[in-house]
Amino acid sequence: GGTSDDPLKGGGAKGDTVVVGSNNFAESILLADIYGEALKAKGIKVTYKPNIGSRETTYGLMKNGTITVLPEYNGSLLAYLDAKAKPKTVEETTTAIDAKLDSKLELLKPSAAQNKDSVTVNAETAKKYKLTSDSSIADLKDVAKDLDFGGSPEFQTRHQGLAGLKSVYGLEFKSFKSLDAGGPLTQTALKKNTVQAADLFTTDPTITRDKFVVLKDPENLFGFQNVQPLVRKGELSKEGAAALDAVSAKLDTKALLDLDAQVQLEKKDPLDVAKAWLKSAGLV
Amino acid sequence: MSGFLHDFFDIPSDLQHSWLGLIGLHLREALLPVAAGLLLALPIAQLCVRFRWLYPPVLGVTTVLYAIPSLAFFVVLIDYTGQTELTVMIPLAVYSLVVLVPAIVDGVRSVSEETLAAATAMGFGPVRRYFQVQLPIAVPAIIAGLRVATVSSISLVSVGMLIGNQGALGNLLHDAQIYNRPELTWNSVITTALLAILVDALLVLVRVLLTPWMPSGTARRKQAPALEDAAR
Amino acid sequence: MNVLNFVNSFFSDSAHWHGYDGIPARLGEHVRYTLQALLLAAAIGLPIGLVTGHYGRGGNALSLVATAGRALPSFGLLVLMTTLLGFGMLPVMIPLVILAVPPILVTTYEAMRSVDPSPVDAARGMGMHESRILFQVELPVALPLILSGLRSAAIQIVSTATIAAYVSLGGLGRYIVDGLYQRNYEKVVGGATLVAVLALVTLALFWAVARTAVSPGVRRR
Amino acid sequence: MANSLRTPEGPGVLIRIESVTKRYPDGTVAVDRLSMEIPDRSITVLVGPSGCGKTTTLRMINRMVEPSEGTILLDGEDIQRQPVTTLRRSMGYVIQNAGLFQHRTIVDNIATVPRMLGWGKQKARARAAELMERVGLDTALAKRYPYQLSGGQQQRVGVARALAADPPVLLMDEPFSAVDPVVRKGLQDELLRIQEELGKTIVFVTHDIDEAIKLGTMVAVLRTGGHLAQYAPPSELLSSPADAFVEDFLGGDRGIRRLSFFPSGRLELTTGPVIPLDATAEQIAAPDALWLLVTDADGRPLGWSEPGDLAAGDIRPDRLLSHGRPFVPGTDSLRVALDCAVLSPTGWAVAVDTDGRVTGVVSQQTIGEAIRSAHAAGRDDEKVAG
Amino acid sequence: MANSLRTPEGPGVLIRIESVTKRYPDGTVAVDRLSMEIPDRSITVLVGPSGCGKTTTLRMINRMVEPSEGTILLDGEDIQRQPVTTLRRSMGYVIQNAGLFQHRTIVDNIATVPRMLGWGKQKARARAAELMERVGLDTALAKRYPYQLSGGQQQRVGVARALAADPPVLLMDEPFSAVDPVVRKGLQDELLRIQEELGKTIVFVTHDIDEAIKLGTMVAVLRTGGHLAQYAPPSELLSSPADAFVEDFLGGDRGIRRLSFFPSGRLELTTGPVIPLDATAEQIAAPDALWLLVTDADGRPLGWSEPGDLAAGDIRPDRLLSHGRPFVPGTDSLRVALDCAVLSPTGWAVAVDTDGRVTGVVSQQTIGEAIRSAHAAGRDDEKVAG
């Protein structure tokens, strides 16, 4: 049984059990599994609370102590905490986050693996407007008014979303279709040309499979998106923190892409994938 | 084929349950609200029988509550009850009222004048009359209502997936998407439907066991008024 | 959190009254989805219910179909249909219609079965044709119940059509889904209020239809 | 009781049931080789205990039930030959609880068949209004709905509806069994009147033997299993039940009830013991009777007295014994006459004309003799017929 | 018809209704200043047209309806003084369609009140079984549910249930009006038997005057508006209706129906015209009668013949005229005797003992005389009472 067995217990992380949460997309679940299994290897009791929802929800649950550990993306987190911040480096990002982060929470070391939001167009659109992987978001300036854009409902209002695309790149799309956060709905919509451009995660394995084109983000609107564990202060032991740091040290974008492909294309169970990677990386 | 079957029953680890575990969870999340709804509906219905004028407004209120999408319910509730089963079950219990209240009211009202007069003349007090005469005779109507409420509830639990793995079999739908595994969707839809049909059949059985006094052939016609509202 | 405050601020925000995401537009979409689904469901449920009810056969098969229909999770079907058929109205209509057919079907059947058999007998004895008996003798008497079945279906559709928003379509569900993901309570509550109001309007409409379409002899006043 | 004196007019046969059997799919034999001839322009009653196949028989006539074996001829033609709707439209059909269309007004209910036959709305309604009067319904009820009518009124509407297209045949299945006895009597009288006026051929089902005897020109007693136990005019049924079942079914008082079918017109009346209120002593002494009937100035009966108790010129009406109910010779039957005699304290029945004026008195003994001679005449009839 | 000969036993008054008025909230006056004394251990029938206040009156007795004015005394005590449930449990209540608890078995239905009174399950069931026999129900039906019983059987269960706690009073509201005439007759006979055996005080509501006359020791005729039109024993009702309303309500045949209340035991029988099958020529010639009744060796009647048609030693039973229905003096009433005489082709009724052996014959004339003297006796009674 999972945490759902004690639904009303807000501070599930109290005591010796660590609750590892995740957002409701495959990579987040995978990362949570990696964190959790790494912690278990250190003899820490772990329960998972996967698949929760958007950051808006998970951040709340971190604050109230329902979950102890959450795989985060530093850029998105910062954008959520401080929409105006424009950090130039990973370190700046961390500093900016620390300034705004809830006092009960802290970030551990970031990994090299990045997974950003992006503006991605499908093959058809790329061909039509001659867009390549060297094109930038700014190249859409003239054609955006003819494009339907797909993204999660929250993308519509975030700065690292429609608002930023407008203010930073001056893009105004023909319409915005609320789908999911870079998930299968968005993938399908893009593939079927229901939308011509969409917010996909850069580690999305369907990008290569379906020949989507990710546009460059020269203004760094989507910021740095390093995978980085967010934890509740003092509720994770030293060994635990060390174990997660070790994971971050080994994890890079290429590894992440590979793991994502295993889960989403090869249909392997994320937990199995996580365990296998930890083993191959010598972390367990 | 066996590959498909294997995939079919291979439940992703993030759901933290086996297929049977999900079924158990699903049943609990679907049935507890109906039970709670029944407990709530009984006194409400009795009030409606007692005070006739109360019935139309009660019907109106339950209908409006029923019309509120579960998602909206979740959003309001989540601050109080968190991302838990309870958040899913409260709306389901509220929804069940729209079926159960009219079913009980009609069932209790369907007791014939003559039977009531006979009971009164024998010196039955109102309470005794309710529990020993009206309620037992209303059982078929109540179970007809319970059937609809339960089946709907089983189908509705799935929406709980939207608030983080609280949809039992419904969670398969989300996982099917994020892992690109459509067979999980089939699993969810088919299992839910079978579960509902099974529980429905069980309720029919319970009805048959509880009401040996009901003529089997002519039952249908007499049940019509109860079903009117049960179909709501 | 005060629901009334949300309702108030949602409706007093003038931004919510214009454009493709404005209340009139969303309400229009919602009504359109509802009507389409209801018409489709009625087109399926009414004829089958009328005919099986008239002949009094197939009641058991019907109730099994209805149970199965009710049991299918609308949301799951939506997801399934979207993955199978892609985006558009069809994958939304299918779950809505499947949701709405059982109440229409079952009530219509029961309504026909509950018609007093003696006028039917009398009509047959007069040499009325079966179709005429169905439409001129049974249907007018069964009408109030049939309308109540349609009403239940309509309310369910009004409430459930919000799922269309999940697959990028409009309707009042837009406010709820967007509000949920954006943690914007105002939107969620506002959307839900609109849905509830629409349900009330539906109730009132059906009441009015029943007043005008049902013979005073059947209404008994 | 005009009917009491009705005799079968011995007309032609309209419906001929020939060795008809009905076996239901579940194996029940509801009617077993039934043969019957239903005379034209008269009321034929099917009577019998519950489940004896009355309804089944009736419904085979308009093909709402198809016989398993045998044929039914209408006017000499096999009913299977006609289209079923044409056949049914030529037969009115009336059932218990009337089976009215609750969503239609009374006038529209009655106009149903005419409208179906393509009559104009105006014409059909006019016809409906006419029929409402014929069956004794206030035309003010025309715009009402069935639920606004009493059971008896509804039943009248049912009859009117069945008559609307003027069909030669009327099939009636326990039409009056759901109304209370008083209303029921009214409906029965109404039916007899209508039948006399319109001369329909009526097949009437009831399980009430009194109703059968009252209404039937011919009565068919069925026994369970759809066997015809006896088929005869009611008076013959009462005097000579075919077997113990029929006798039992007929119940008590057979003799007295049978008297309904004998007219009182031929009773020999005497005016001897009738004296006026202002009778003289001679008038009082003359008759040599045990009892004297005193009448008022108009000739209406006041009461009986023994001659010894009367003083000429001072006859006190309040001192007289009640004269009981009088009967009207010719209109009333022997049964009424006998009842009057039995009810009278003197054993003499008082006969009056339709204005209530005494036409004579008759002793119970004379009535007894009339009964005996009626019996004898009945026997002779049988001999002639035999 | 044991009952036909019952006379009011003139016992004490159990229920006294004193100037009771019931006005319903909507203004309807259902009962208007009604005063009545209901005698102990007898059947009192309330009869009248629909809506005349019968049910209201009955229900005021067990306080299911509270009077607007006036008081009702049970055994001299105001019923308002008792707790309502105690009052009700001391009165059985039987209604149309029985009002059985459809969810309980027959035995549990009957045992309801005993169980409520705290009897043990065993005892209550034993009592129920005993009552089933008393009301003529096969105890094999005990475990059935109401829907599995016929209407008549259900009605019997209703009576048994009302009797279960042995209440002194039984209130019955049109209990038999939903069953068919044959079953109904059986139920009525059963009720009379039960009343005779148990000596309950029964208040019985019906709208059927025949039922009222058959069952009632006293009959109260109500007219619309809750007015008491007449309150009298049935025979008095028949002979002297208080007004035109009552007379009308009583219907025809009053005289003959009244004969039900006169015994035939005192009829003077003659054995003169009775001869055996093997009668000698002298036996045939001797009686000097117009008709001879031939009996078989056991003395059972074979049939009538005119003496001239009989040849000694060669009497052919099949040549005889039917002897009609015989009557049993003492058991049957004058009504039956008269019916037998009327039905007989000779005008003579045949009297037999309970074994069916001829005890004599009696002419219609003699019966007529008996009727007159019964009338005279009735008048004398009235004079004595007056």
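Side notes on the structure shown:
Each chain gets a letter, A, B, C, D and E, in the order it is written, and its residues are counted from 1.
Everything below uses one rule, namely that a contact is a pair of C-beta atoms (placed from the backbone, for glycine too) under 8 Å apart; a residue touches a chain by one contact, two chains touch by 3 or more.
All values derive from a computational prediction rather than experimental measurement.
Path length between subunit A and subunit C in the chain contact graph, taken as the least number of steps between touching chains: 1. Distance from subunit C peaks, on a Cα-centroid basis, for E. The count of contacting C-beta pairs peaks for the chain pair B-C. Among the remaining chains, the Cα-based centre furthest from that of subunit B is the centre of D.
Taking each chain's centre as the average of its CA atoms, subunit C and subunit D sit 57 Å apart. Centre to centre, using the average C-alpha position, subunit C and subunit E are separated by 61 Å.
The geometric centre of subunit B is 19 Å away from that of subunit C, both derived from CA atoms. Computed centre separation for the pair subunit A/subunit B is 39 angstrom, with centres defined by C-alpha atoms.
Across the assembly, subunit C contributes 83, 177, 180 as residues in contact with two or more other chains. Contacts with at least two other chains are made by no residue of subunit D. Within subunit B, contacts with two or more other chains are made by residues 162, 177.
A list of each chain pair in contact follows: A-B, A-C, B-C, B-E, C-D, D-E.
If you check the complex, the residues on subunit C that touch subunit A are 20, 82-83, 86-87, 165, 167-168, 174, 177-178, 180-184. Partner subunit E is touched in their complex by these residues of subunit B: 112, 114-125, 133, 136-137, 139, 211-215.
Those residues of subunit A lying in contact with subunit B across their complex are 1-2, 4, 7-8, 10, 22, 24-26, 29, 33, 48-53, 57, 61, 66, 180, 183-185, 263-265, 267, 269-272. Taken together, the subunit E residues at the contact with subunit B in this complex read 62, 64, 84-89, 91, 93, 95-105, 112-113, 116, 145-148, 158, 161, 171.
Contacts from subunit B toward subunit C in the complex involve residues 60, 63-69, 71-76, 79, 147-148, 151-152, 154-159, 161-162, 169-170, 173, 176-177, 182, 185-186, 188-189, 192-197, 200, 220-221, 223-225, 227-229, 231-232.
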